[in-house]
Every structure is written in structure tokens, then in C-alpha cells.
């Protein structure tokens, strides 16, 4: 099993979620994060002093899936999160050795 | 070493933390996240328009442990976080190749 | 490729970021988290009743890098985040099997 | 039509001595009316906006009030209360208050105070409109609109009604501005939202109900100055107006909460607060004319109708009136003006005449105000659209792009 | 017993001319008293609640004030100020204000204004109680309680004291409602919390102290209307009452902060704010009767005793009085009423008699109020419990389950 | 020099009858001035602070006002308004108000009310200073400073000007305290920030602009009491002062926004709010002396100069005046005082003399106030530094370490 972590633009969340659900994904976990990268930060002004805000708001989506679903999920995220402009984000694939469903104590793929 | 990531119901946090401490765990990192899964979201009403809130507040706990402690930690979390109702959450086990304690630059299991 | 997760003290963020950028890192993702560990929590007082706050505010930095950069990045973080006092935080190294840049659909090291 | 004749009607025409008690009460009322916008309405609206557009939402109310204040002094007051020109607008004799001196009186209060009180009414009316336009209007466009609307829409309507204009002779009753202020602002807001177009993502998920609660409270209390101050004197009429205002707000709260609870299963706080405001709007034209028990009825009915409009009819309009300015101020202002024709009574206020066809007069006056307001506002919006453009480019980061600021920096850079 | 005879005592019995200056001041006082709840107390309480129950906490204060306003007009005012029935309650002659007209006076102010001012007092008293009941009470139960409490508990006590009831002849002194408002509300709150039971997780970790600070400020300023307005006229008594009120608040702030700092090592902002409110409560029964230096003593002592009660004794009660309504309003109201017996002086207010056994009279009157308030409130709560139930099912998500709303949606759906 | 002679000058010397309407207006003004700090200024400042120091920022304003209130009663009022001693300070005859009784008058209002009103001015002046010192001052040091500053700095200066002291004869004009309050507080703030030293990390990234907006609104409205209340009576002078105050605020808002927009490309909300406050400061010494059109000019110019100072000159001072107390109150207070010399006119207020060398007199009086304020404040700060120390140890967690509290616990323990 793999954990797919995607960093995306916040306003894309609903679109990505809907696409994943359509692709058959039944669960995911979402975190508000701040990202630093090629996308330029903006400047805020307070009483004439400018502050550069380097870190931009992003959303991290984590989905754990069976190995055979990895490509599909990646493609789904790329498709629904892409705007083509800098800052669209990244996807990272990380190995997962065990999954447990707390409610039932089920293990492995059945628990996803 | 492994990183154990548990997504749990927020009001279970104190209970899980106490159980982990009792089980000998000395550190953990906690994040507020939003979860999407089988548990149904609720509806919020503003001036007669209804908004479905799909994403429910959850807590993510991350604990890095030695390989031999993995089962014990999983069992501790399952026991203390379980309510038996949908939405109790998941546990993911992820390999960790190196750990560093920033304060002392210790590496490996000593740094946990 | 590896994901380097560092839990650091919040006020060190700017320093660590600048050091990483200087070391040639072009992107990172930052999350506000709460940490529990050896560092003692504080007490808050409301109308004479005391509440112990166990979880301290921390910052999690995630950087995905090529294998050959792992040591450099670890060293950079240790150097810039260290105060020598309890609670400085940890670094975890986690394998990453694939990286995708959403904007361009590039894969692998090119996408970092 | 004579909308708010009481504003001067209550004062005997021959009154010409300064009354210090009346002056004290109007000084206070002026402060209270200011409180309605600065910061009342600004917070009411900002709490309902998204956090990423809260700075802009606050800015519109505040800058609008400031522009109205200055514009009123320079020209607005003269257009409203200067020498009558064909019953339609005042002359330029009071521009920059040139013909006003420290000893001038309006009734029993100093004319300077009357000017200031009227300016605050103009500021409230203007600020109300912004609620329909948030989260996509260019800030510069709002500034130009503010100036033009106060001078070309608000001041003439105020003249018709309170400045001796053509409506002043018709006998319509409007104690504190149900039509001049609320219906007028509601219609302009609707027209503006139509011309401006809908937001890309239109929703009202309030980012902070507590902020809206601060605003609601200050509106409620400030409204005592708005309504009871409109007696322009301290005494029995101000007293019953204040009592009725509080009853209108309270009954309005219930008039939204109850049907919402029954039909939609939950009594929401935002519903209660919206209802209180709707009730306040409804009682505005009636405050100094009706019995307290009738104030309860007026507050309840106006609010319930606003509830039904906002919940069920609004969507049919296909207009993104973001914060329901038309649904609350337009609708309840209209209902209140009509109910005033039914409940007004000489036994409360013997300075008025309730004519046999009063209901008809009320409706006619509302139509006149609504039509003028709609046409003129449309012209102003279209003019600005043609010359400068109305829409802000960046809706995703409005506060940053327009003002270079974020409303909150909690946990930001340390 | 004659608790707040000064409310009418200050006005010579033969006064029968409307005084516009007195009217102006009471119009303002009415606005200020409203500000205490709408939005003052609502915010004070909501800031102290958890963010997930802030909507419900706000709602209780606001809807309570609205219900009190309407109920007061329909029946409450008559039960308090109608024709005396056996010294215990007023008759129905003023129901719906049927015997009041635009020309009726109460002392030197219009009776309509007096009604409105009294209604605001009822609203404040009721809203105070909600602080003990937050985070677990069914909203419908609160609505029913509000109606019954205003009519069956508050109105009769107000009658005894201010409406010519049996307490009015005994000579007790209570300038603005230390017993009628604060002790009464505090006792009802305690009884309510007892019957309702504790929250599953009882804590007071305020979710937003800045919100509580807004509330504290508006309470402080609004209290000037509450106390100085209780002179029912503009002049020297109102002036010293206002001076004393500010001193009571200031000394109260210090009277909580200093012992807390010494004993518990930190001067907390919540302590300062609680102390200011406790000092305001303490000075309420004394405001127009005592010398300014004594006002400092009264504010300081009442607040310090509330501090010790809340910090050390409260836990022994095993009652989940969530926001310390009894600890602050009950205790400081009681202490203030007693200290009034010690410090009241004819040289400040020559309309009062300070009797040799004044201290005893004060205590007796407090006992009467407390007993009636406790018994009647208990009956009402038990009745509602039996018929509808009191506890909300879902404490973990109170706002969502009762109102379908969250207080904050920052960073939510974009 | 006679800075604010109008404060008493407007009342004929022989006035000796209580005027209930004047009293009503000053009762209200007193409430409004209190609102400026409690909670106005406290919120204005707290919104601009970091969230982790918001509790301390709120606490400083609130506790400062309380200390000033108590200290004023015990000694301050006597030092300001007691029997003149060498033109420099009042005697001890009014300590604890020993020679004041319920029948004492000051002009046409009760002396108790005058005391209370003056105490509120002292509280505002003191609280202003805290804005320069936030995020690093020990709380105990602030308490000691508060006490000493009110008695040793504010009271004597108030005596010179309003208590019959040596400046009172010189003919300077200062309607409501441009020099006594704002210049004085601004200079003390600058000196304090200098002695205290800069924060480790000095920035102004406001943690909540909506909170600052609540504060701005309450300052704006409260200022009506500050300025129009300084007429000490209800009537034409209060009326024009209120009109001018609103115009000063409005023009001040524009006077900061416009140059900022042109030069720095964005009209910020914080700029608008800062400008409104600067305009209010600027009009303060002139409010009851100048024509309304000139009030617009004064508000605009003072604010624009504050904008240029804060944006371009401030950094050269190398002083960490965290929230620009000197830049806004010091600078605009000075500019307003000078412009008063240019625009004051007998045709607005015939109780004043505008002398041929008025401008020179204004400047001289500002210099006297600034020098005394700077020297005395420096002495007090250095004294406290020597005995207790000024700097808090922990700047990273100021609220927790000083007060044991966090401003926000959203999403904390459940």
C-alpha cells in the first residue's frame, strides 16, 4: 500500500475531492499547510512598511491506497488540480507497511 | 524504525495520549486535520441555504518508534481511540530510515 | 528520493528556511503542529483554576530531496534549528517512491 | 407625498429658541447613528464575509461613511436642504454651509447639529449598499460610486421628503427613513449587484459570527438614535419611538427565528440577528406613529417576509446580492412603509394626519423612491463600468490585491 | 423593606411636568442598558465559552433580551407596576400598556420611556442567568424559561421593591438593583445549574479573551446608564452615581487582580475583567447613596470576596456554574447590598433615611429576594425538565446540533 | 498661555445654577470618553499586536484606566484643580474630594461630574502611552508608571492649562486637549520607548484588523464625547464641535489614504484607520473654534503629515514606538495645535480671543508641554528601571509568562 501526499492550491480542494470520489476513493485526510517554492510570495503593507509573505497557503491531501490504484490516483489528482500556473504543487508517493481501521481493528488492504 | 500515523476523533486525543505515555512513549506530534470517509458530514444553515460540511475535524497523531514497539503502539491506539462508531479513524505504518535529535545531533534509535 | 520531516521550534522557522534556501533547496512545505516530548508544557490560569497545556506549538517542515542531498539537508537543519535546549525537535527521513509536479506532470527527480 | 414630515412636523413651525435638552438628545443620537456604521455595520458585514475579503468589506463601510460626511458638507446638504428647485432638488445656497452660522437653528436645535445628523443618515444609507457588492468590486469604483450616489441619489430623495420637495406635500408617513434610507439603499444594492455580476463562488459561510454579533448589537443600540433621534427633540415622541424600536427589533428576531425553526428545523443565530435587523428596518418608518403592541406586529411581519424572501424567492432573482441588502433592507423597508399606513394613529402623534387613502399614498411614495433609486443607481454603475470598470481582477486574494493586507495574521511570521 | 425606593423616591411625589433634560438622560440610559446585553454580555459570555459553543452562548443572551422585551410589554410591566395586589404583585390593568397613553408621565419622564427602561432591566437580569447554563441547555428550554422567569420571578420581585409592593415600606436601600437584579439572577443561576447538572467536561478555557474584552468594555460603559440612569433624572444624584460606578469598576478590577497576583502569582486579564464586573455589581445598590471614597472600598471588597469565592469555595458547591454567575453577581450583589447599609449617607442623598438597624434591614431584604428567587426558579426549571427536558443531547457539537452553525469558518470552504 | 480656557471659558463666570440639560450631555460625554479606552483603545492596540501578546496589550489599557480613575480621585484631581500653588500645581485641598459636596457646581454641572469627566481624560491620556511600550514591558513596571505619570506629569500639565495655572493666562487655544492629552502622551511614549529599548523583533504585522476596526469605531464615536463634551454644556458650541470632529475623522481618513495610494500603490485599511485617528487628534484642539470647512483641512493635513512621518521619518529615530503613538498622537496633536492658531475664529466661538501672535503662542505652549512631559517621563522611567527593571524577560511568550493566559484557545482542549 502507498500513501499519496498531494500539495495543491486551496481553491482546488473541492474539485480534487470530487474527482477522487468519482475515481472510487473512499477516504482522505486534509491539512492546511504553507508552501514555499517557485511561486512568488506576496507583499503586505502595514503603515508603510512592506512585509514579504514567503509562505503561501496550500492544502495537503493524504490518501492511502492499494498499490494497483497508485497510478490512477496520481492521474486523477494531476488532472483535477492542474491550472498550468506555477505553484500547482507536488505529489509524493510513500510506502505504507500496514493499515489499521481503529473501529474494527481490521488490518491491511481491508482497512483502507 | 517506523512512523505510526493515527487519524482519530478529536475528543479522544487526551485519552490516546495518556495511554501512549503509559505504554512508554516519550514523544509525539499532533496536527489538526480534516477527514473525509464513511462518516457522514453535517449540514450548516445560513439564511436558509444549506452547506454540507464533508470534512470532519480529526486529529492526526504521529509517533516514531523502534520496530519492536510497533505492535504495542498500534494496539494501544486502537484500544484508547475506539468508540465502535463509524469515523473512529485509521492507523498507517510508514518506514523511517533515519531519525535525528536536533538538540544533540544524535542519530538512529537513540534519537527517538 | 527521501522526504525529510523536521519538527522545530516555531521561532526558528525563518532561520531554517533561509539556511535551506542557501543550501540550494527550492521548495518546502510547512505545517503548524503541536508537540509532546521531554520539554515540559506550561500552565494557564483562568479564574484561579490551572490548566496544564501538554502540547507545545511546533512547526513541521517537509522537504523532499534527492538521495544525495539528504545528509546536507539534515546538517543544515540541525545547524540552523539548534538552540541546545530541550524541545529543539527531531528530523525523520522517509523513503519516497515517486514525485510528480502537478503543473507539468513531470515525474521523478525532475519534479522536485 | 410627504414621507418624513414628522422630522420637522413635530416641531411647531414658530419654534425659534434653542432648547438645550433637545440639543443634548440629538448630539447623542448623532453619536448613536455613527455607531451604526462605525463600526456597527462594518463588523456586521465583515463577519459574514470570507476571512480573505474581510479587510475590503470593512474598508467599504468605513470609507463610505467618511466620503458621505465630507460630500454632505460640501454639497450634499445643500442639494437636500437648500432652496427648493422645482420640488426636485435643493439649490446651492448651502454649499459648504455658506449660509449657516453658529446661531442658526433648525427647529429647536443648532443647524450645525442638524447638518451633522443628516450627514450620518447619508453615511448609513450608503454603507448599507456595500453589502451587496462585496468580494468583487474594485475599491476605486466604490469610492467614485459613494460620491456620486450621495449627491445624485440620496440627496435629491432626501429633498423630496424632508427638504420641502414635491413628495413633502402628499401626506405620506415615514418617521425615520424606511423609504428614504432602507428601500432606497436596498434597491440601489440590487441594481448594483445585477450590473456588477455574481461572484465566481457565491456563498455566505460567515467567517466569524461573533464579529457579526458585535455589529448586530451596535446596530440595534445605534438605531435608538436613528429612530428616536428622528423626533428631533427630547420628549414623548422620542420615548415611544425608542420603545417601539426595541420592540421592533425583538419581534423581528422572533419573526425570523420562529418560521425558520418550524420550517427549516433549526433556529440559527444568523437568522435571529438578521431578523432583528429586519425588524428594526420595518419599524423605522413607523416608530413615532404607532402603538407599542402594533410595533410588535410590524417588526414580526416585516422580518418574517424578509425571511421568506431571502430563503425562497431570492434565488429566483439570479442576482448575487451577497449579504441580502435588498432582501432585508429593501423588503422590510417596503413592508414597514406599507404597515405604517395601516397602524399610524393620531392618538400617538397628533402632529400627523392619517388620510383615508393613506395606504395608497404610502405605496405611491415607495414606488417613486424605488424607481428613481433604481434608474439613477443603474446609470451611475454603468457609467463607472464604462470608464473605470467595476470588477476586481483577483477574487481569490481580494484583500491582498486591493489593500496589501490580510485581516488576520495569527501564527504568521512568528 | 423598601429596596430601591430611590427609583421613585428621588422624584417628588407631586412631580407632574415632563422634563426634557431628564427625558434625554433616560433615553440615553436606556440605550446604554441595552448595550450591556446587546452585545455586551453576549460577547462577554461567548468569549469565555468554547469556540464550538459560542453560537449557542451568544444566542441565549440575545434571544433572552428579545423575549424579555416583548413579555414585559404584554404582561411583565403590569405584574410589576400595575395596581398593587396584596403587596405581592401588580394587577392586569397595564397589560399591553392599556392604561398608558402618550401623555402619561412617571415622575418627570414619559411613562412609555419608563416602561422601556424597566424592560431593559428585565432583559439584563434574565440574560445574566444564561452564563451558568451554557454548553448543555436545550435552546427550547431556555426560551420557555425566559418567558416564565421574567413574568413569575423578576416581575413580582420588581413589584415588591419598585412597584409599591410589601418590601417598599421597610426602608431597605438598593439604588439600581443589587438585590432585584444581581442577587436574584445569581441565585436563579445557581439553582438552574444545580438542576441542569454539570457539563460532561466542565472547564473554562476561554476561546477568545479579546471578545470578552469587548463585552467587558460595553458592560462597564453601559452600566453608567444602569446606575446613573436609575436616578431617573439628570442632575447631582446621577452625577455622583456615575462617578461612583466608574470607581466601583476600577477598584473592583484591582480588588481581584491584587489578591490573585499575590496568592496565585499572576495577574490575569480574565481576573481583571471579572473584578471590574464584580465591582460594578457591588456598587450597583450603593451608587447614588455613598461618598466616592467609599465607592472605592465597596468595589474593592465585593470583588475580592467574589475572587475568594470563585477560586476557593466554588468547588465545594459541586455545581457547574459555568461562567460564575452566582460567584460574581450573587456574591457581589449580596456584599454590595450589605455594604450599602454601612456606607449610605443622607449627606449624599437627602431623599433617603438611613435607619439605625439599616444593616439588618438590608440583610432581611436580601434573604427575601434570595428565597423567592430560589424556590420559583427551581419550580420553573423542574417543570420544564418534566415536560420538555433540559439537557441537550449533543454536547460535543452543541452549535451544530442546536443551531446548525459554527461560530468560525476561517479557512473553511476556501 | 491658556490652552483650553474654553473648557471653563464658555461658562460665564457667574454661572451658579445647575443646568440639567448640560448635565445630561456631560453624563453622556463621560460615558463616551470611557468608551474610547474601555474597550476602544484597548482593542485598537490589541488588534495591532501579535496574537501572543494581545492579552498583555489589552491589560495595559484597561488596568491603566482603572488606576487613573482611582488615583485621580485620591490625589490627581486636587493636584490639577486644587488651590493654585505658584501657578504650577494644585494644592491638597481637594484630595479625596474633601471639599466637594453633592451641591458643588463647576459652571452649570455638578462638580462630581466634572471630577469624573476629568478622570476619564486622565485615563485616556495614560492608556495612549501604552501603545509605544507593548511586547516587552514588565506589567508591574506599567502599574507603577501609571500611578506616577497621572500624578506627576498629567495632573500638573492639566493644572497649568485648565486649573488656573501659569499657562492659563497666556491666551493659547486648545479646545479639548490637543497639547495636554495628545502631544503630552505622544512625547511620553517616545521617551518611554527610547528608555525601554526596541523589541527583539520589531514589526507591526497586526494579528487582527477586525479587532482594530472595532477599536477605531469606538474611538471615533467616543471622541464625540471627548470633543463636544469639552464644551461642558449642551448647545451650539457642542454642536459645531461634534460636526467638526466627524469631519476631522473623515478628512483624516482620506488624508492618509490618498497619499498612501498614490505613493505606495495600495490604500490600506490600517492606513485609513490610522488616518481617522490622526484626523481626530488634529481636530481636537480646534473642534469648537473653527468653521466646518476648515475642520476638513485640519483633519486632512494633520493626518497626511502623520502619514509621512510614520512612513518616512520614523525609521530615522531608531526608537521602537511600536504602535506609532508619537507618530500619530504627538505629531497630529502638534499640527492640530498650530493649525488652531491659524483657523480659530471669534465668529464660531465668541468667548475666545484670537491674538495677532496666536500662532506663536500656540507653538510656545506646545514646547512647554513637550519639554515638561519629556523630562518628567524620562525621570519616572529611569527611576522604575533602576528600582524594579523595565523589560520583561520572556518576549516570545509574553502573555503566558506575565498573565498565564493565551488570548485565543480555538481548537484547544476539545
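Each chain carries a letter (A, B, C, D, E and F) given by its place in the written order, and its residues are counted from 1.
By definition in this document, contacts are C-beta pairs under 8 Å (C-beta built on N, C-alpha and C of every residue); 3 or more make two chains touch, one makes a residue touch a chain.
Fair warning: this is a prediction, and the values are worked out from it, not measured in the lab.
Trainee: If every step must land on a chain the current one touches, say how few steps get you from subunit E to subunit F.
Mentor: The distance in steps between these two chains is 1.
Trainee: If you tally the C-beta contacts, which comes out ahead, C-F or A-F?
Mentor: Looking at contacts between chains, A-F has the larger number.
Trainee: I'd like the Å distance between the centres of subunit C and subunit D, where a centre is the mean of that chain's Cα atoms.
Mentor: Centre separation, subunit C to subunit D: 52 Å.
Trainee: What whole-number Å value describes the gap between the mean CA coordinates of subunit A and subunit B?
Mentor: A distance of 18 Å separates the two centres.
Trainee: Distance between subunit A and subunit D based on Cα centroids, please, to the nearest Å.
Mentor: Here the centre of subunit D sits 46 Å away from the centre of subunit A.
Trainee: Considering subunit A alone, which of its residues make contact with at least two other chains?
Mentor: 11, 31-32, 44-46, 51, 94-95
Trainee: By residue number and range, which residues of subunit F touch two or more other chains?
Mentor: 19-21, 24-25, 28, 203, 205-206, 208, 214, 218, 266, 268, 270, 403-406, 408, 411-414
Trainee: Which of the residues in subunit B end up touching subunit D in this complex?
Mentor: Residue list for subunit B touching subunit D: 44-49, 51.
Trainee: Considering the complex alone, what residue numbers of subunit C touch subunit A?
Mentor: The touching residues are 3, 17, 26-31, 64, 94-103, 105, 111-112.
Trainee: Sort out for me which residues of subunit E touch subunit C in the complex.
Mentor: 203-206, 260, 264, 266, 268, 270-271, 274, 307, 310-312, 324
Trainee: Given the complex with subunit B, which residues does subunit C contribute to the contact?
Mentor: It comes out as residues 2, 6-8, 31-38, 54-55, 58, 60, 70, 74, 77-78, 81-95.
Trainee: Going by the contact rule set out above, which residues of subunit A touch subunit D in the complex?
Mentor: That would be residues 11, 42-46, 50-51, 53 of subunit A.
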